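Two complexes, one shared chain (chain A), two partners (chain B, chain C).
And then the complex of A and B:
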């Protein structure tokens, strides 16, 4: 990490990025750890729901923000992960951890299948094909009553004893989220992550330096769909039910909006976007069923005033202050 | 090292390259010249796989490469820069080159090591050799046009190519920048060319509008006109060729003037 001798600007920059976030993140984590005994059950549930949605939005951002791909139907993989676990818990007697692993893997397999076709098309055509193939899977889940429960879904899925209380489920989801975030962060900072961002910015140049663009895009899709599958599994842990609207395209649109709202060029932005939207739906939704109207107004304002998203905005206005801190830190160290 | 035999490429009804042939020997510095629209860039795109030829054969190190995808051709040892600046504008100068070095080291799919600790020395060595060390931490899009063109070359060097293809490396540069770039090309080329320390012995194929430069540094010159090869030969042969004088040079070749204006 500190090998960049003779290049102080780069090392300083990377040091800033890695340290600036560490302590606030640890602080937030500690607050979330002590929350369940203090907060009402309803809030514990809402927070857990935000964690699940945040992971889903973060996984989408791997393809949309870092890969520049038109991943228009990401919720399909969320639903596949959730249904895989739900079906394994209700229809087989396999231990639950098998389902926990099978959910994300199944989502990644479906991601590989759909992605294999999609990366052969560009931009909007990629998005249209993904909506078509994704809707196909939704239709199967929606109509296959004997297996998936059709439009009723599956309810009352038994939760394993160690996850029996809602507080335990909360902690399980929180830890799973943290592990996934660390894994995603490592991937984003890896050579693959760097290459993926280069592919996003200039695929033609990448081909000319020996990078197989399609393979990298497909890898990004498989990784992102795997994490979407994890989110799906966590949803089952939280809700103990699955239903076809998990795979419906409106949810895909919603998580896309979360990425835009939070800031898709930042690592943690989609989490913030997820928190905002889940909170809006919960608290504005209590007063009016037209909460999406409020969302619409927010989106219009966002496009005009914060095109880089909420997180991107804070990073930008925080940028000058942080640079000052960085310089004084450099002088001291 | 590289043989291009009668390649053709049409866009609709327009034949951009119509029977171009070219030979590049190992260690040579070869120039392609021709008026604007002669098909030079298209020819380069055919060699490096950005385009697929309709007809003809391209052989590199004894293997046919025509029609292979660009990334495979690059992996076989052909690096290139582009005429119109083609970099990663949002990444830093360092990261621009690092992406290429990582690709060369077959690390592009590595998911678990931190990228910032990989290929650092190699990347700095390349940046130093082209004189961009001082800019390493700057965002590439903020560089001057001349530095972006140099960065183009640095990215191409990241793959440690055996054959380096430069498409108008000095286009849009000031006279001082042009002189520095030519010096860099000489330095990258074989020992005969650099006549000094720091020679890297690369085989280089380039196209360039400045005739003084071309006749000064190239060991072999290929002249293109209307997508066809008129002649390939040593600078003296090309200079004395009447067909070339009529078609392109358009001046008394014995007393070269300042050259053609840029595109």
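And then the complex of A and C:
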């Protein structure tokens, strides 16, 4: 009953390959692959930043879009992943790859801890408890000068020699993003992913047919926070610094906007949203210091005119509207 | 650091400081809670409106001088500026969204907070501002052997007055009763021939007025700066949550817990004082997941 959204009998491989988005995606990937030698350095950096942010937004969408959870403070896990790697690179003499593995795992552990408390509550209370627990972590990072560097953060983090140039970092981030996207796609299309969406749409009925709703929600949170941790690690690779605003709640809401902008109930939507927001911030930021004003106006325009997001809009006018879009209220609200 | 010994006097005076801080939090959170109760929307822009309240208090008080009359006028006018801003935002944009899902309403208030935050930067600039309290509220007097600022005493008087005023409004006036009814069953209120949209507008403006009042009250005690909205809104959300969503008395209880743990935390462990109130919130939510008092929804 809950085996995959498509035809249950198709194997994973055919499901992946037969997907009509596959070839455009491969095309985009090839373009991104040959970009660094051709584009100016600044654009390579911006693209890498978009990849990192896209991964973060995608991971949020696992809980918000697919899980229907009020994951209001997702950036905490991003920050935890980044800080874990940064601290391991600067404070310990362990091999560098240990930090790269520890970052996402630490984020997932924190996600498990916070999620374990949160899934017992519903909707707005879930979000509020998460904000309070997340703010607690932010407050500790912000104040613990001797360990985390307090509000200054940590700068000049050494990169492993293999990632020494910015182009190499770009490729590392790109490949990590692709691996994570494939993994997320497999998760979303797996029986677990289908069950999670069923839980989102009707928790009572799922409970009635014997699905452990809370365990599925918790699992979704742990997976999402793991990928957020990966994004945090990639951020350190890119920026070589960490600071407490990575864990601040305004960033969490900004990622939320990315998901909304791209489209909640599409797989690649949040990625598109992240690209739009990062690109806009970069180029609008050049001309005005009132970036948040612009962001606010964009958000209001979105709410009034494009509530299903850019991707959802294109899917709708393309005549292949996701069946969820029409009743999107139930899932998220 | 921990392990220091405290005199009873230090503890008591810090407790009083916490209480007066709680009064400001209460004024802000009562507004947030009122909007939450009637409209069922966590108003993210509440913090930005509080900031506007503080900045307009600065502008008005520099215009009027720090005479007692000027001070009282500031306390009346600054929240009215905020109420006006919120009325415009509500009638122009927000009221068209009431039929939409909750998340959209929440995101709208977030957008509003971003816009208002930057408008404050546009109007008042990024410099620090301060407001001088009138002469009769300046200075301090000795209590428990240490100095207690007079202005804090003033806050301790104002807080209960606001609480009583709000109670009278909600329970004794027709408008308050309608808004309570709208919180419980908005369809029924509409069916009785009451314009629910305007009830919502009134509730929203009253809530935002309280945010502005909080900003005007806090103005003489802190340096007014951009970013003060971010801190207050998180605190206010947490307070409203632990108090019980939409319950104004819950907001009072939550404010007291938050304010007192914060100020006592300063005494026990100054570097991590900020951690204490958040921990208190976590403990309350773990013991009583839906808040200390009954929420209205």
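Methods note: the second predicted complex is superposed on the first by the 301 of 333 C-alpha atoms of A that agree within 3 Å, B and C clash if a C-alpha of one lies under 4 Å from a C-alpha of the other, contacts with A are read in each partner's own complex, and residues count from 1 in each chain.
To be clear about the criterion, a contact is a pair of C-beta atoms (placed from the backbone, for glycine too) under 8 Å apart; a residue touches a chain by one contact, two chains touch by 3 or more.
None of the values given here were measured: they were computed from a predicted structure.
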{"item": "Which of chain B and chain C A:253 touches, first, second, both or neither", "value": "second"}
{"item": "Which of chain B and chain C A:201 touches, first, second, both or neither", "value": "first"}
{"item": "Chain B versus chain C as contact partner of A:77, first or second or both or neither", "value": "neither"}
{"item": "Which superposed partner A:267 touches (first chain B, second chain C, both, neither)", "value": "neither"}
{"item": "Touched partner set for A:170, first chain B, second chain C, both or neither", "value": "neither"}
{"item": "Contact residues common to both interfaces of chain A (with chain B and with chain C)", "value": "none"}
{"item": "Touching residues (chain side chain B, partner chain A) in the complex", "value": "48-50, 69-72, 74-75, 79-80, 82, 86-92, 94-95, 98-100, 102-104, 107-118, 120-121, 124, 133, 136-138, 155-156, 158-159"}
{"item": "Of chain C, residues touching chain A in the complex", "value": "42, 44, 93, 96-97, 100-104, 107-108, 110-115, 117-119, 121-122, 230, 234, 237-238, 241, 245, 271-272, 274-275, 278-279, 281-282, 285-286, 289-290"}
{"item": "Residue ranges of chain A in contact with chain B within the complex", "value": "1, 3-4, 6-10, 12-14, 186-187, 189-195, 197-198, 201-202, 204-213, 215-216, 219, 223"}
{"item": "Residues of chain A that touch chain C when the two form their complex", "value": "117, 120-121, 124-125, 128-129, 131-133, 135-136, 139-140, 142-145, 248-250, 253, 256-257, 260, 289-290, 292-293, 295-297, 299-300, 303-304, 307, 328-329, 332-333"}
